[in-house]
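Each of the next two complexes has subunit A plus one other chain: subunit B in the first, subunit C in the second.
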Partner chain A sequence: MISDFLQYLFDGLSAGAIYSLLALGLVIVYRGTGHLNFAQGEMAMLSAFLAWWLSDNWLPIWVAVFICAAFGFALGAVVERVIIRPIGQRSIFAVGVAAIGLLLGINALAPFIWKVTHPEGFESLFPKKPTDFVTIGGAHWRYENIGVLVVMLIVAGLLYLLFQKTKLGLAMRAVASNPESAPLAGIKTGQVLMMSWGLAAAAGAIGGCMVATLRGNVEPSMMLAIFFSATAAAMLGGFDSLLGAVVAGLLLGVIESMGAGYQPDVIGPELKGSLSLIIILIVLLFRPSGLFGSKRVERV
Partner chain B sequence: MTPLLEVRDLKAGYGPIEVLHGFDLAVNEGEVVVVLGANGAGKTTTIRAISGTIARRGDVTFAGQKISHASPDAIVRAGIAQVPQGRGTFVDLTVEDNLRVGAYVRDDDPQPDIDRWFEVFPRLEERSSQKAGSLSGGEQQMLAIARALMSRPRLVLCDEPSLGLAPIIVQELFRTLSRLNQEEGTSILLVEQNANLAMEIAHRAYLLETGTIVASGDAKEMLDNDAIRKAYLGY
Partner chain C sequence: MKFQPIRINQGSPTHWALRVAGFLVIAYLALSPFVRDLKANEFGELTDIAILALAAASLNLLIGYTGQISIGHSAFFGLGSYTTAILMHTYGWSPGWTFPVAALICFGVGVLVGIPALRLSGVYLSLVTLALAQLFPALVRKFDDLTGGSRGISNLRYDPPSWTGLDPRNRVDRAEWLFIVALFMLVLGYIIVRNLVKSRVGRAMVAVRDNTTAAAVMGVHVAVVKTVTFGISAALAGLAGSVFVLRQTQANPDNLSYTILGAILFLVVMVIGGTASLLGPIVGALVYYRVDQYTRGLPSKDYLPGFVHDFLNGRANLATIVFASLLILLMFLAPFGIVGLAKRMGRRLVFVIPRPPLALDDVPVPDLEPADVAPTPLEDVVPSPPTQGGSP
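What follows is the complex of A and B.
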């Protein structure tokens, strides 16, 4: 049935857009400092909690989301400067452990700050009445699902322009390509890396708000499963490609949704996450640099 | 006349190991100065100590400004550019973007300078949209030099530019360096093992042995000194 297919596609695209947003952050961090930020999902969760708290008490939700993105930026920058950089000078494994520590710490921090014991209602960013959808080929594409997809594409587009068209973006690409040579061109490497972590966390924060808006609430565990799928997307995309993160995120979202939809008994919503991991395994077996990852070309 | 670059009692090394044991060195405005030395003499360490990429002690003064404690990016801004050993190009970036990175410290439009260096290095223009990593060794070395010049430096530090290049490419490279010095007035401090060609374009030379300067003087006079010629030029 074409309407079933379209329905799974629409649902998958919005889930995938969230994977893409988080994967973009993972890719930016990886390109900058070569680390997998295990805390990416939890930092996004903390940011989403802030947006919830602001909008619940004082601010219109969209304003709260902008502030939350700014907070995410600051959080990422501080984490790089205070935790990642000093530890990174010792060993790359230590950074991994520190990031896992951060994951657990933030996961415990959010309920501690806001004293929440159960999911707190999150005001939707998009029209969310039962009738808020367009009908295409018999399938319902809800406004909120379209909205999440559009937000992701805007964020990805802005990041692309930043990297390709601005001096800061040029500096970021230079540091990613050759961190030893960048200072010899007058680039303050430390500042650039702080910016990278900040941007990554800001993209994640927006992703967190999108998750919250689709769920309709925030809770400390909201990003855990999503983080794994986002990591899978970053890996599938090639880990150093923004385009790869976007495409692979959407692709995994759609595959998970199709798998769960067409095989409700074998796969279903419980096992759809594993589907991503199986696909990664197969792709990486035959294409270790992922779909869009650059094979380093270097002549000597 | 005070020199453009003046180094006094320079000591530097890696961790507890001291490589440079304290020597003086100077480069005058418009000069090509070569530091000759064998493997492990401390040539690269000298370059790194001047460009601020490793810890160092002693006084380094550039154009009247003390830079002994300045960070690498501040030293680039002061007017010293470095062409590191192994070229140090940004292999994932296009040739043109490499040049733009070179102009990072400047606030004006880099395009006129890019066009200018493309004229000097036509091979780079042909490959302007290729990734730097796909260039040959000689082309990468040219790119590294052009990248350094994009910051409009008064002094360029070159760390063994001849390393790993075919003799004919090395000749072309030294001709280019000499031309830059004569036409642009850019001062050059060159460290080299390849003494023959380096001495041809140099005004003055220093001999570095295990972290100490053992001889220095006018390049031509040093070439006339039998002992030095035998030790460093092999004839």
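What follows is the complex of A and C.
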């Protein structure tokens, strides 16, 4: 019994770590510009494809992942500067539509660039032999699952340090808490927002590589369902807290894994991916601003 | 020198002449399919456009007029489809009678979804509706004894009834009949949305959209307006789905229109046409469908040079990339959509001076008794002991 429980826990934690990575990006963007970046998952997918292409042709996989994170950063920054900001000055709703356009476009772009028609094998970042696991309480905790979790914690830790200990992080927090007054204090809001989008996309790119590692391949549709769960995690975490995103992501991953494991007939594989959305539905009914979110007061 | 637009009074003979001319152009465009002899696939294309337009119109009512964002209308679309499919397949209903049932069921579910949506707005609401879209195909697969699961329900045909004079065995006549049904639903949906929007209810909806709190203060029952609009919008999407399933002749959870991509498509079509514009969804559906059709055929066009053909060889998805780029470009140029853009351009040519709600000589001037206007005697201003129902 305990071994089943631990097994579901280990599987759920690595799935949750991926949700957390994407949710971190969503939270950073939302804090900065107040937009839900619908293209977050697809940008991560494109980055993962780049990592696959580089590692398949020239580079060791770890180097490819770093380059892909840098590419993700550049992609996010360019998208913010070239598309999101100019449209955002016209209408918030139009930004959402443009982000949906990005989702559709990037999703179609990856197979267009690389001419892929079927999933392409992705070299694993971690030891992946059938024997690569530690046994805890009768459950197998695979090295790759541990690795994904550790990578997420490192990324989250680095982001935490960036936000709390550096001048850039201070500027980002200032822009998040009061975008009108931040420029008065000498903060270059535009640069900060570009940085936010870049960091978010970089975190997403690493998330995309982790997804590819666990799946063992890359394909254009790999991030779609994961993006929705990540959005649910960001929302459960309240959309403005990094810690909330990490905790909620892990929580949703574990709940999905346990739900599908313990209730194979009620939930099973069909509803597993939708479980986090059902949970967020219920949570939002009782706490409209999520678990960790701060209440919004609106003036009329 | 700046060009001065022609100014026309609303309701003047010139204005009416313009209106009639516009109506005739639209009527010609709408009726020309019946005048010309169309092939079956051309009727099919028009049917698809009408279905798309109705789905987008349902979303327009919700997003454009009440400001509730839904990325989950594919679920209502699918619910309508499956209601029709199940009633026809399992219970042997004739297709025509399934439309009102599908609309009613979708209305009920829409109101149910609208109730929790009351507490949410913006991003949060869009996620909840997105959950709906994500959930629908999963539920269809789950309840496979009712829905046929992944195999789906097939063989759904709507033959023209005998009173139409159309031959059920003729492919063109069947396609024409389905187009008539789709057009009827679209016109019905248009009239429903138009009458709602131009009425007191519509003004309440717009008030809720522009400032919910202020609307509530003005006496608008926000909860009722929001949930009922959600229900009506869901019902229209369900109707579109009902016609869609007959056009497809089968219902299958793998159909992209029932997934989140369908919901996104409806949203995009609505935005292309113009948010909060009555004609927007129809224009959006026409433009989207034709552009999509053109770009899909683009790689095989002869007038492209050889190296372009070599480049495109083996690369799918060109249509989606072109479409996504156009969508983003449109958000730059005209976030208010094509109809919004046309209206702005049109206003530079012809400016219709709106008629005030009541012309001045129509306003009844109250006959004032001299006593009413006489200055109040001083002693009345001094507070007197409160009488019954005294002043606050």
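Things worth noting here:
By definition in this document, the second predicted complex is superposed on the first by the 295 of 300 C-alpha atoms of A that agree within 3 Å, B and C clash if a C-alpha of one lies under 4 Å from a C-alpha of the other, contacts with A are read in each partner's own complex, and residues count from 1 in each chain.
The rule we apply is simple: a contact is a pair of C-beta atoms (placed from the backbone, for glycine too) under 8 Å apart; a residue touches a chain by one contact, two chains touch by 3 or more.
Since the structure is predicted, the reported quantities are computational estimates derived from the model, not experimental observations.
Of the two partner chains placed by the overlay, only subunit B lies in contact with A:Lys167; subunit C stays clear of it.
Ranking subunit B and subunit C by residues of subunit A touched puts C first.
Using the contact criterion defined above for the overlaid structures, shared-chain residue A:Leu277 touches subunit C, although it does not reach subunit B.
Shared-chain residue A:His118: touches no atom of subunit B or subunit C.
By the document's definition of touching, of the two partners only subunit C reaches A:Ile83; subunit B does not. When the two structures are aligned on the shared chain, A:Lys129 is found in touch with neither subunit B nor subunit C.
In the superposition on chain A, A:Phe93 makes contact with subunit C only, while subunit B stays out of contact range. Taken together, the two complexes place residues 298, 300 of subunit A in contact with subunit B and also with subunit C. Against subunit A, in their complex, subunit C makes its touches with residues 69, 116, 119-120, 123-124, 126-128, 130-131, 134-135, 138-139, 141-142, 211, 213-214, 260, 264, 267-268, 271, 275, 314-318, 320-321, 323-325, 327-328, 331-332, 335. The part of subunit B that touches subunit A in the complex is made up of residues 51, 53, 71-73, 76-77, 81-82, 84, 88-93, 97, 100-102, 104-105, 131, 133-137, 140, 147-148, 151, 164. Taken in their complex, subunit A has these residues touching subunit B: 167, 170-171, 173-174, 176-178, 180-188, 294, 296-300. Those residues of subunit A that touch subunit C in the complex are listed here as 30, 36, 83, 86-87, 90-91, 93-98, 100-109, 111-112, 115, 117, 224-225, 228, 231-232, 235, 239, 268, 270-271, 273-274, 277-278, 280-281, 284-285, 288-289, 298, 300.
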